[in-house]
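Take a look at the structures listed below.
Same chain, two partners: chain A is paired with chain B first, then with chain C.
Right, the complex of A and B next:
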């Protein structure tokens, strides 16, 4: 039995000694190239390609100023998504884990973000400010940490209490926070915030981390994602804007987010750590793809399910080879 | 003489992949199915991707937002990538059902599979450097996955500069090398014989 297997393996590995036929691979390749090129040109002419302009802070400030304002307060109070994120941006949380593996924490803080300063104070400081706002910035900068925290948290809580309806916020000891938030909103309206977040007062910049993270802390990006049908719960990662095909090849990755326990953020430990578990699963499956030829059962599927009879039909017929039981 | 590294390399090369094997003008008689075309189509599409990508690279990532020509070249790049994945996936399934790793062809399969994964990484970074709403969205969403397993500490999807360099330099270079090795390995070993095939009378008047 095993010698039979070995003989087959040797036969499969040996140079082919049976019948051959003329076959012009260079011609085949050239025809393929011309075919594919023409097909691509035709598709491009008929369908073009997707290009929704990027969203801007200006757009956010104009269309939903209260939300940008409230988000700025969260950045100052340290309650925003970014401020509470953990690695690689800060130490505010341990991040996700897979069992005993706290990879997110272990990787450390490699892209430090201080939400209050990087998102609010530094951008404001790059501007020529109205005296009122300049005073607020100075007051914030000279105050003790505990004092800043008290102001910002009190205001953040007050806004949360009235569900973001700024006109209903009760009076309180908010220090310079309301003026800072208004200053940032006005700065965004003028279009100056986008660039200031990127450059942080410097010159060359190619890293959009701070812009993207601040953006995502608010509702503007999220709402736009929902409107464009891009949310993760609806296979979003795979989709493109408009009617274009997206990264359909990510279907297996997106798939896990659609089913329990991964789609339930409340369920512990897996749902709450879905991002990490799914990454690990996909890593293992990728390894599995590479190793298919040595994985028992799976590697024998092609012998058991006779699709090869169709692929090589001519050959089997001409040689009178019947299907063998394995 | 035979101790020379150069001579050794040449001899090994000549023995394992002589030009007749690299560019053969015949193939085993069983190589007659449309499924064999998909490897070549994948290769051809990769050439179109690289060609259109080089043009885009010359003009920078913002070109296609403002230029009609740029938009057209971007469309070429976009659609050739879509076709590339279609062809590659059909190729992959074809090779699976042919159990084309038989007869010492594991490395051919493995380089193909790694090329598939490298292609996904390359395409993914491509979506990130579109510099449009889609790339804003994808980078914000995708960062959590990478961060959650610590990878985000070095592979930062919200860093446009890093993604752009990986997309136009490092990842295509990897994919290119994998593809060359993959195809050379196919040529070296010859096309895998059919499942259940057996020796037949040699070459009788087959040409």
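Right, the complex of A and C next:
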């Protein structure tokens, strides 16, 4: 280390020898709070807030009834995203893992959801039904699990085979499933399904988990997310609807989803468990941020990149310490 | 809330895309504004204390 460097290091380590001034941090905090409050109110008055029309089951049933119908069949067959998700909704799969850490499985089923009953049978059962649909509900409820599974799986496979074109589905032993799916689609068209799903909670219902999961199983929510640039694969985590600014500070969380292997859900083990791996990566990076003061090299960066000398340049000049070349 | 600016804000945003990088013009403006404020905070001199000219 040169003498000059030693002198600078000694100077930086020495107690502050410059001017001091009485400083009221409460006053500054109050000014900042009032400023931000006024700015928020003014911007809210001028810019308002995002005003996207809500997504509803009625909207889904009207805009894409065949997709809602096919999704209802998947719920009955247990092949939908929700029915096969695993924790915290059911035990259908082990869920995401990071190596030996089966985080989703270990957390267990804390919000149990029976897709067939919660999304189809229970909502239908809340209505005064046409005889045909009432009979279908009764037939479903009285059938053995294996029989229900056979009906719904056969119909789900048949719909998948014709790529969702319902008019081309071959005749088969589907039991009450077609009537149940049509009954739910008609119920959704009337707006009753929105109310029925909402009423499954308490009096003051604030838990929309079931609605969102059901939406997520079909194309309606997915299409809306794509149209609004809110998909995870296109930095959607950072975006807001319309021209409003989004959550730009989430850029690093969103970044990982744009690059391999995280952006390939088929890639095992990382891509298929991208959410868990990215959570771990961000946790480690956040830990690194907290521990900056004790991490060698990193903790010395202010000495190598002396931004503080730019801020307090008058003081450093007055003390005869020149700015280091950056 | 209505008004021309609110209406303007609720229209679909413009996105800039280059390879895997994509950002809305609004987010880009906010980030540039933050960088500008940070730069100003570093380079603008501290206000002079009128009562302490001798220092």
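Methods note: the second predicted complex is superposed on the first by the 274 of 326 C-alpha atoms of A that agree within 3 Å, B and C clash if a C-alpha of one lies under 4 Å from a C-alpha of the other, contacts with A are read in each partner's own complex, and residues count from 1 in each chain.
Just so we're on the same page, a contact is a pair of C-beta atoms (placed from the backbone, for glycine too) under 8 Å apart; a residue touches a chain by one contact, two chains touch by 3 or more.
Not measured: the values here are computed from a predicted model.
Looking at the shared chain after the overlay, A:138 reaches neither chain B nor chain C. Applying the stated contact rule after C-alpha superposition, one finds that A:162 touches neither chain B nor chain C. Legend: residue contacts after superposition of the two complexes on their common chain; A:39 is shown touching chain B, with no touch to chain C.
By the document's definition of touching, both partners, chain B and chain C, reach A:47.
Once the two complexes are overlaid on the shared chain, A:314 sits against chain B and chain C alike. Once the two complexes are overlaid on the shared chain, A:280 sits against chain B while remaining clear of chain C. With both structures placed on the common chain, the touch criterion links A:290 to chain B but leaves chain C unconnected. When the two complexes are overlaid, the chain among chain B and chain C that reaches more residues of chain A is B. Within the superposed three-chain model, A:19 lies in touch with chain B and with chain C [touch as defined at top]. Contacts of A:7 after superposition: neither chain B nor chain C is touched. Overlap of the chain B and chain C interfaces on chain A: residues 19, 21, 45, 47-52, 228, 240-241, 244-246, 248, 307, 311, 314.
Considering their complex, residues 1-3, 5-6, 8-15, 20-27, 29-31, 41-43, 45-46, 49, 52, 55 of chain C touch chain A. Those residues of chain A whose C-beta lies close enough to touch chain C in the complex are 19, 21, 45-52, 228-229, 234-235, 238-246, 248, 258-259, 263, 307, 310-311, 314.
Residues of chain B that touch chain A in their complex: 23-33, 35, 37, 40-41, 43-45, 47-48, 52, 64-65, 71-72, 74-80, 82-83, 85, 89, 94, 96-99, 101-106, 109-110, 113-114, 116-117, 119-120, 123-124, 127, 130-154, 156, 158-162, 164, 189-204, 206-207. By the touch criterion stated above, chain A contacts chain B in their complex at residues 9-26, 28-29, 32-33, 35-37, 39-41, 43-45, 47-55, 85, 87-88, 95-96, 98, 103-104, 106-108, 110-111, 206-209, 212-213, 215-216, 221, 224-225, 228, 230, 232, 236-237, 240-241, 244-250, 273, 275-276, 278-280, 286, 289-294, 299, 301-303, 305, 307-308, 311-312, 314-316, 318-319, 321, 323-324.
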